[in-house]
Amino acid sequence: MLDKATMKLNVDPLIISALREDITSEDVSTNAVMPHAQAGTADLICKEDGVICGLQVFERVFKLLDEDVKITFSAKDGDRVTKGQKLAVLEGDIRILLEGERTALNYLQRMSGVATYTAKVASYLEGTNIKLLDTRKTTPNMRVFEKYAVTVGGGYNHRLNLSDGVLLKDNHIGAAGGVKEAIAAAKEYASFVRKIEVEVETLDMVKEAVEACADIIMLDNMDNETMEKAVAIIDKKALIEVSGNVTAENIKRLSNLGVDYVSSGALTHSAPILDLSLKNLRPV
Amino acid sequence: MLDKATMKLNVDPLIISALREDITSEDVSTNAVMPHAQAGTADLICKEDGVICGLQVFERVFKLLDEDVKITFSAKDGDRVTKGQKLAVLEGDIRILLEGERTALNYLQRMSGVATYTAKVASYLEGTNIKLLDTRKTTPNMRVFEKYAVTVGGGYNHRLNLSDGVLLKDNHIGAAGGVKEAIAAAKEYASFVRKIEVEVETLDMVKEAVEACADIIMLDNMDNETMEKAVAIIDKKALIEVSGNVTAENIKRLSNLGVDYVSSGALTHSAPILDLSLKNLRPV
Amino acid sequence: MLDKATMKLNVDPLIISALREDITSEDVSTNAVMPHAQAGTADLICKEDGVICGLQVFERVFKLLDEDVKITFSAKDGDRVTKGQKLAVLEGDIRILLEGERTALNYLQRMSGVATYTAKVASYLEGTNIKLLDTRKTTPNMRVFEKYAVTVGGGYNHRLNLSDGVLLKDNHIGAAGGVKEAIAAAKEYASFVRKIEVEVETLDMVKEAVEACADIIMLDNMDNETMEKAVAIIDKKALIEVSGNVTAENIKRLSNLGVDYVSSGALTHSAPILDLSLKNLRPV
Amino acid sequence: MLDKATMKLNVDPLIISALREDITSEDVSTNAVMPHAQAGTADLICKEDGVICGLQVFERVFKLLDEDVKITFSAKDGDRVTKGQKLAVLEGDIRILLEGERTALNYLQRMSGVATYTAKVASYLEGTNIKLLDTRKTTPNMRVFEKYAVTVGGGYNHRLNLSDGVLLKDNHIGAAGGVKEAIAAAKEYASFVRKIEVEVETLDMVKEAVEACADIIMLDNMDNETMEKAVAIIDKKALIEVSGNVTAENIKRLSNLGVDYVSSGALTHSAPILDLSLKNLRPV
Amino acid sequence: MLDKATMKLNVDPLIISALREDITSEDVSTNAVMPHAQAGTADLICKEDGVICGLQVFERVFKLLDEDVKITFSAKDGDRVTKGQKLAVLEGDIRILLEGERTALNYLQRMSGVATYTAKVASYLEGTNIKLLDTRKTTPNMRVFEKYAVTVGGGYNHRLNLSDGVLLKDNHIGAAGGVKEAIAAAKEYASFVRKIEVEVETLDMVKEAVEACADIIMLDNMDNETMEKAVAIIDKKALIEVSGNVTAENIKRLSNLGVDYVSSGALTHSAPILDLSLKNLRPV
Amino acid sequence: MLDKATMKLNVDPLIISALREDITSEDVSTNAVMPHAQAGTADLICKEDGVICGLQVFERVFKLLDEDVKITFSAKDGDRVTKGQKLAVLEGDIRILLEGERTALNYLQRMSGVATYTAKVASYLEGTNIKLLDTRKTTPNMRVFEKYAVTVGGGYNHRLNLSDGVLLKDNHIGAAGGVKEAIAAAKEYASFVRKIEVEVETLDMVKEAVEACADIIMLDNMDNETMEKAVAIIDKKALIEVSGNVTAENIKRLSNLGVDYVSSGALTHSAPILDLSLKNLRPV
């Protein structure tokens, strides 16, 4: 996801904006004592066990300040890392290392936090056919980073935004005049490369959705018994998504029911960070 | 902090960027079923107890899409809110309500999460003279929102960025040739409206810092006994900051020692969101 | 597509950029002779028969310069218009009418040109079940305008960009190691809300694509006989797209074959403009 | 026109915007099957006879994504190219070649289309002293590209925008109170480095324009006989521009009359593209 | 020059940038003591005699922060104002008046300074036919403001930038191979709406320039006698510009010689500001 | 101040904007005669005695147009330079040298002008303990350049903007209800890393300010006798700033009084430029 083109077009402007947030004019502390460039080095150290994610973003923060900074990684995105592990060695003007440190770590810690938390939740799904999905409940201006972190942690992305996926909720259904009408309108309106997902609350709605050839059906707030009936009605004619808490029991239940996807907002909105730090910053 | 000028100059561009992240071309689901404007209303409902924060940002998201959206709030930033409480009524084109909903909630949930968590931590400090500080460990492109949320929750802001405060760490001290030299360089270099803060690790450094008239001294990683001596050496000649975990015992200890400030990165980097949602969205 | 949110987030910046292209400092001719605002009016007149498209963009150009300009339309997007027909009356500061005229017409003429040309091509498909699709062969920085114009003219949109649709071409297939492998990789990688389209050149590839459950199969450069066999192999298990020239005979042939979609780059890259002009500009 | 400074200051931002239009997050098809960089090559092939234009823009699209892409051209802007001719060889990460392909071709096809069409129209003027001019009827956000293509095709640029040339039309004349007054106002107001052009409809206006020392006089909608008289009145004291259809007969007539310039909006608003394509894209 | 379109397209972005320079996060002093809007008023007072210029820019600074600020002017651009004169009354939220004050005055003082200084220099030219010109020696990002101020002070604008005027200097002449060749190249290359100006140092160059039909000839560094001969050679066939110090004697000499324009960089690069201030700021 | 990070984040965008102001499409004169790159060289020559400042900005202008331009400096910021001195040799494409020349000089001349003027004023303070301060009376969009130039000339920076320093003026004091209340509000509201400065007009206010522990007290418009009493009241408990004219006598008086700082708006708003020029531009 974070390939060269995406970095250049969609990531760099956000990193630059984040750096400007932290350096509105200059790093006054550093400039006070280091008027000239000085070669230095530092280590990126892991301070908690987890899944590392965002190393190229971490690197890009420094590169955008100074292309001459060189970072040698000894881990890659998705690796399980442990407390005390050295993940990278940074070399460059020590002033740049100090000036980029906080922003680079803020990205890396948050992305690794999301990947670590996703990996934990995804582990509940092992041995099932259910895939774990994220949502649009991401931190503003962090979507590309957090959605990427979900995939690194073993989850899958739901639609990226309102423009690239169709999800018909109760308001859309109401405005269209019914499930069937809403699906028909969406099939007519949206690009034919999009699947049509519809959120349903009752078994009647499930039936309508299946008849109208919905591609994906999200079962909203149904009890176990109703869900069982819904799955039977759908009968593999559409993919089935369920949202909600992902706990060990919950998953067992969903797996038995034959649900395809479970989505969780918490992956991106409530993952704690993974603690990381720059150590041994010193002139060479 | 989030007054009209700040909103216009420094907040609007970030909100617009966040909205573009969620609407790269159009809300295809909504446009498929609602080709025309339709008056509607919705309620902002609290789903957890906490401290609400970010209501004007929530409102601004919709206003930037359509100035005609009208929001009537029944709570204000800093209020303790409870599960099920109605916080606001939104009126406007139902398409705009749908299109702004996620971005508006993403801001509000995160800001309220930070305020709620800060309020909880700040409560440990009640009855002491210690003030709770945030750090620069904020989510990229969220600093103004998160720093504001800290104050709403009862905390205080440390420097906003590298440009508006001086904090001399071991690398700065090393580069300058000593604590005294670093402080002297900073006093000469930085605008005289800035205080000079220095991070010290030993009692010798404390002495040097006091002699060089540091305004603020941060005691880094000292044990209780050393800290006690440090406080005695400083003897009210500088403000004292300690960073680290804020627990009930910890605070009691620090309070007895006579420390002025305790700073915590967790306020902004690891606060879970406060759950909020838009309900009863319906045409009128 | 061009609703209020899309206009604000994704269209306004492009219009502003276009206006700056035409007014790098000021309209020197107008300012030389009209130092003060002067109320005026003008008519938007059609100079050729066609399908009008882009009226809200036309209006927005003037509104962005001066919110007080008022435009009363007597036609709406998608209407067939005829030479000499008055489409709108503009009222406002005559200087603004002069300054926005060219940019507003440049948008309107091009969008109406695309809609008119699309309507003509779409008419060949009447009575068939084939839908007419656009491509990504749009004018740079005009995609949202041209894709919208295609729908106004009776066509349908293919994917909007490289991020919101999957189309596996020979290079992707080669890199993956085969049709099946490419489809499997895309299903694993892409959001599950996306359909998977694959471009095939031989009947073997068609078979592989069907077996791998491609959602859409594009038949590339096949002769009639091969295409017939391909359609039989696909047997309604995937949607079928053909690209290429859309002529009356061609369509008849494709329709008989049972193809679902025909895509045409010419809709957006080679439609001539529809001639329109501002007339009777005069002070009131 | 498209030298290094213009490219950097005025072209790069437009190309970046066009690339963002096509890659709102990532190239999902390519990233699904090619997780890592892979060296590749491709050929730029001409699929129609015409005049090639925009090669450095074509190259810049790729270079902005990845500076390491290398393009070896075997043609240069302005060359007549023929169907099947290889114009360039591209070398670089095959993912970048796929990601930039469409945007690069969209620019090149349109610019070459304008150059080709201009060359065709300009050929009617061969053997005359009349120069072919473009207008401001360009595609929004494409002006610099299309105006450059006109010159490559053998045409000449009229003013680039409303700020860098004075053209007094009927409304300006009306506001000023007459031809003479309008010209006087423009001479007083506009920078003295600008020529003053005035559009006239009657012989009286021609006389006034000559007396007021207009630098350029545009004869608007005059029949042959009137034009002849106008030319006689002007008597080389001003340059003469005529706008309108450029056909073989028309040109012969204008040439005999002694007109200096003929301008044509069609050069930029209705030129069909020149068909070009990237072929033989393959790993190396 | 600063009409509505120019303000919107070309001035607002610069003002916003200037405001962000002064309010990187918030006005901390004001927000500390005024948490809520409070109606207030203030007077704009002149503290020196001079020519006022930039009133709509002054107003726009406040309007961009808050559209509800109301300013009633009792002077207009170009008026001679005197020490102590009240130029405007501002009404609005007193916090906005405080936050916009400095930026608004910084613009107004500088623009009025340029207008005042230009008026003084222009007065030396009274009674002559020589016009006073500015140059491109303006403060970066202030060109539109300073060029406008020159016209308000009674001067005239030379070309606005490198793109909208042709001025051939020694390097251009050298590259082209001579005066004649340079002029011919420029006539062929530049839009025919531009005049061709050439800078000459010797009488031979003057002759060449006249023969090649230069529109404007700039006499560079010639002594009186040479200039006299140059004027005779030019013999009204081109406009004559001289650059350099504008002193009373100098002007008399130039006027006698029959020169048309004298240009002065000092108008924009060395004019002292006109002292202005906001007084009587008070709640109402 | 102008280190690599500041240049990249906060200076480059302003330089780019300034270059676009001067090259809205192309350098038409240069492109007319030099269609191809040509190696050249030029010298940066000082035309007046003064203090040079802004050399890295000068260099950056060219580098942003073309990274291959090479500049060899024989002076550094802060050096006293003399008329006729060669300060640098530029090597690169002569077209780039011509295109960047004016913008580069406009920055360098203004920055050197501020440094030179500041150095002159600062010389009055030699032998005293008073430091010379700048103000926020800077040219819009030039603050970082002008504030830096002040330090190069031997002055010191007051706060950079409204966000990074607290200065309580009469309106703030009025809104808060008194000096004491205003200071208390500011101490509670502003980050504890900021000093609190208050502007006082009477001795009563001085007393209040001292009692409320203001860090800096600005004596506004006091006569000598009052100032003397004020200094006695303050008694080293706060830093003392005085604003106003800096003349030899004035300084002597202030020095005797024991004032710490004197601030002067003229440093940035009325310094004349230092004359510099590019000479001997020639192909090599």
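When the chains are written out, they are named A, B, C, D, E and F in that same order, and each has its own residue count from 1.
Here is the rule we go by: contacts are C-beta pairs under 8 Å (C-beta built on N, C-alpha and C of every residue); 3 or more make two chains touch, one makes a residue touch a chain.
None of these values were measured; they are calculated from a predicted model.
Participant: With contacts defined as at the top, give the pair, C-D or A-C, that has more of them.
Facilitator: C-D
Participant: Fitting on CA atoms only, what is the rotation between the copies chain D and chain F? Please report it in degrees, nearest 5.
Facilitator: That pair's rotation angle lands at 120 degrees.
Participant: Can you name the chain that lies farthest from chain B, using the mean of each chain's Cα atoms as its centre?
Facilitator: D
Participant: Mind checking the centre-to-centre distance between chain B and chain C? Centres are C-alpha means, answer in whole Å.
Facilitator: Centres of chain B and chain C (C-alpha means) sit 45 Å apart.
Participant: Report, in whole Å, the distance between the mean C-alpha point of chain B and the mean C-alpha point of chain D.
Facilitator: Result: the chain centres lie 52 Å from each other.
Participant: Just how far, in Å, is the C-alpha centre of chain B from the one of chain A?
Facilitator: Computed from C-alpha means, the inter-chain centre distance equals 23 Å.
Participant: Based only on mean CA positions, could you tell me how far chain B sits from chain F in angstrom?
Facilitator: 32
Participant: At least two other chains touched by the same residue of chain E: list those residues.
Facilitator: 23-27, 30-31, 99, 144, 160, 163-167, 191, 194
Participant: In their shared complex, at which residues does chain E touch chain F?
Facilitator: Result: residues 14-15, 17-18, 21-34, 38, 94, 98-99, 102-103, 105-107, 109-110, 113, 136-144, 160-169, 171-176, 181-182, 185-186, 188-191, 194, 269-270, 272-273, 281-283 of chain E touch chain F.
Participant: Using the touch definition up top, name the residues of chain B that touch chain C in the complex.
Facilitator: 16, 19-20, 23-27, 30-31, 37, 64-66, 93, 95-96, 99-100
Participant: Which positions of chain F touch chain A when the two form their complex?
Facilitator: Checking each residue of chain F against chain A gives 1-6, 8-10, 144, 160, 163-164.
Participant: Which residues of chain B touch chain F in their complex?
Facilitator: Interface residues on the chain B side: 131, 133, 156-160, 163-167, 191-195, 197, 216, 239, 261.
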